[in-house]
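Chain naming follows the written order as A, B and C, and within any one chain the residues start at number 1.
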Amino acid sequence: MPVNTPAASPASFEYLRDWRGVLVPLLLLLYFALFTSTLEPLLVSLTPVGAPVIYVRDSFINLIGWHLFLVVLAITAASLIAIAAAILVSRAGGADFLPLARSLANLGQTLPPVAVLALAVPAVGFGSWPTLIALFLYGLLPIFENTLAGLGQVRPEIKEAAKGLGMGPMQVLWRVELPLALPVIVTGVRLSVIISIGTATIGSTVAAKGLGEVIIAGLLTDNLSFVLQGGIIVALMAMLFDALFQRLESRLLSAQNH
Amino acid sequence: MIELQGLTRVFGERTAVDNLNLRVESGQICALIGTSGCGKSTTLKMINRLIEPTSGTVLINGEDIRDQQPELLRRRIGYAIQGVGLFPHRTVYDNIATVPRLLNWPAKQIDQRVHELLDLLKMDFDTFAYQYPHRLSGGEQQRIGVARALAARPELMLMDEPFGALDPLTRERLQGELKQIQRMLGITTILVTHDIEEAIRLADQIAVMDGGKLLQVASPAELLRNPREGFVSQLVGGEERALRLLSLRSVGDLAQPADQFELSDDTPCIDAGMSLRDALARQIWQRSAVLRVVDETGATCGAVSLQELINAGGRD
Amino acid sequence: MPFRIDRLGLTLAVAVALVLVLLPLLNLQPNRILPGSGVPLGELLKQSGMQLFLLLLIPTAIVSCLRTQALFKLGLSALSLLALIYALGTDSTALLADKSGFARLALGSGFWALLLLLGLMLTDALIKLELSALPRLLLVVGYLAVLFVLLAGGVWDRLSLMLEYHNQPAFWQQGARHLLLALGSIVPALIIGVPLGIRCHRSPRVRAALIPVLSLLQTIPSLAMFGLLMIPLSLLALSFPLLADLGIRGIGVAPAVLALFLYSLLPIVSNTAAGFDGLDPAVLQAARGMGMSRRQMLWQIELPLALPVMLSGLRIVVTMNIGLVAVAGLIGGGGYGTYIFQGLGQTATDLVLLGTLPTILLAFLAALLIDTLIAMTTREAQ
């Protein structure tokens, strides 16, 4: 029978410690987003005389929502495409494409995210679209590369054994290769998400909705208070997602090693 | 001559080497043998001060090793290990030249020495000197490892399971070469091994260790004839002891004058240099109780009978 | 022997054909800002340059579909690309002949798509050629030099991109500044990061304390990092006017360099540690057993053997920084980012390209150079 123990039991402390990487940025993020006005006395000194101290053109929650919407949409699409492409080129039929795909993934790392963003503007114009496209395209690379690496590091004798047990190619893929490659794939998704959060910030220079507009507004009006608010919130958001994915990765890894 | 006196090493709670006393005469090979974790490698590393003893002393030719800076001491001692540890970013030539360069030998002298050593190990200078180690086979790498250890004419050679990672055929060939080179150069050698065959084949003196303690020190023949109860007798092997004893002596040693036997043209032959163990094997295989012993020229120089082999390999 | 089909080459060839038919190679704009309309393929094909290009492109596409000599494919696709660049340049004079003085010919989406596809063919052939690192670098640099000579010789001077280039007299200074900013922050990061990496390798406690902090820094988006650093720096400049005179101010170079320095630390530290972690213990034991001192081991054994892994950390840092300097253009850091954000502000596509293309090229060349170094240092070690 479960006893109603108080939260002070050692086990739950451990639980909290495991999750503090997630909880700390989450709580700070909520505080900064919801109660920014309580910081006004601190921020006044950074604000030019007569200018507003707190960004009011839009609510932070709304901006966070837009920011995340762009990131999640782009990275979901990128994950689907990149993982599918990596699976295809790692099959026997895709062998012609593999060397080029490998070196493209390698070359792609050298491509600056801001360049992808800038190139998307002439293609589709200003607004959220170029940002979405840039996030999508740039998000493909880490996921593609990590999926390839993850599938590549599944030891051949394991695949051999699975075949020997009578699994068909699809079964080997779904039941053996993908589960074993999953932690590495998730690492790729994490990298893409973190890069996207940063690139979406720059996206505000091409009029995408998101937290970047607070920083840009601060830069344009010399209002360091805005820069600070936008910077802190977006940094916390990146840290939060980094921590969440890292938890997921270590969960998956420890599940594999036991 | 090297002497270990009361050598002890404690790691935390565990005594890895416990009051070890051992003396190896100049020019001899001493094998330290035991299971893994018995303290044999620790003992070896205390001699070149890779590990400092908790207590006790090591004397090399009467000189306490603590009187010298560790780096300078190590440059006087050859060191060959199981993983070989050739420097992968340096050619065979540069690997061999390592210690002479540390000792600031002139380039000409180093060059001469590298030629000498490759000759000694029957490796062609032009083929091997400028290769990188990853191009060499395991056996070749280990040969270069030995050459590198010998490069600065050390007075003492320490070997830590140098042939452990090789296949049996290569291992046996290298053991033969090592013995030859060691005899030629007369270098005092301490060899760590867990392989009793290797110890018997190479060593003048075998020191058996278990749990950090030295159990018995004896010549191979003595160790096989009179092992201490317990670990040592297990190690030298119950039933196989006789065969191992036979392997220590050559046919020439035991050969009797040929006229004591009725030798026919069909009597199988054996070289005088082969071991008694080989002779026994040949007798069984050829279904013949007598073998004709021949020298290098093929001339008969005696004969050896099954009864003599039995006498030679049996217990006292 | 029957011809065998190369699936990748076939895909690329089909894509090339589709691009030619569907996307405009050139856009005719009434002036610098207004969007233009595509020049129809039929009109382009009346020009001599384009005819030459097609004459080369057709065999290139056919050869790319077959499994043949990589060298053959490489040569043909390289020539086709040069022909494309040459053709668009020479034909632009004729196409603009009867247009007003403000009219501009801009490179259209078709050109960029063709550039990409021919680039892919080139890359694929180059991989299949399996050259070792140094000849490959020389080949790529040589090809880029030919392109450079073509452009410097003025083939594209009637196209809007080059008109924009001639409008920017500071183009090369910006390039030098871009590189200086990107590399300038790496030197101190190396001086501090390499010893820290070695410390991390030797002490798990230092590693456990340091690496999470550095990775946390790495997650902070660049614009936020620049912004957050502006605040302490501008406060510093306010309190110490001397620093402000030295250029330590909230806006401009100082926050950019500081941010790049902080970002650079993680790859340098963790790759140095990983490089040292990966050393063969037998090698180290042998080195010590032969009487090398700590310093000799570090310089003669450990550093040379860890170098390839350390260099791959450097590759990450250099390419990352070249991209980040472009973002620094937003806070007045200078470099090609200035053109990108000015161009975005004025909706002048050519100015955006003038900032973006050299940024990509710099990052690409830096990566290629370091790849060559990595290959050369591992060839000896492996």
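Just so we're on the same page, contacts are C-beta pairs under 8 Å (C-beta built on N, C-alpha and C of every residue); 3 or more make two chains touch, one makes a residue touch a chain.
Every value quoted in this text rests on a predicted model; they were computed, and no experiment measured them.
Interface comparison, A-C versus B-C: the higher count of C-beta contacts falls to A-C. Among the remaining chains, B is positioned farthest from chain A, on the basis of C-alpha centroids. The most centrally placed chain, judged by C-alpha centroids, is C.
Centres computed as Cα averages put chain B at a distance of 58 Å from chain C. Centre-to-centre separation of chain A and chain C, using mean CA positions: 23 Å.
Looking at chain B, no residue sits in touch with two or more other chains. Contacts from chain B toward chain C in the complex involve residues 48, 50, 70-75, 79, 81-89, 98-99, 102, 132, 134, 145, 148-149, 158. Residues 6-9, 109, 120, 123-124, 127-128, 215-216, 219-225, 227-228, 230-231, 234, 250, 316, 319, 322-324, 326-327, 330-331, 337, 340-341, 343-344, 347, 349, 352-353, 355-356, 359-360, 363-364, 366-367 of chain C are the ones touching chain A in the complex. Per the touch definition, chain A reaches chain C in the complex via residues 46, 96-97, 99-100, 103-104, 107, 109-115, 118-119, 121-123, 126, 194, 197-199, 201-202, 205-206, 212, 215-216, 218-219, 224, 227-228, 230-232, 234-235, 238-239, 242. Contact residues on chain C toward chain B in their complex (touch as defined above): 280-293, 296, 301, 304-305, 380-382.
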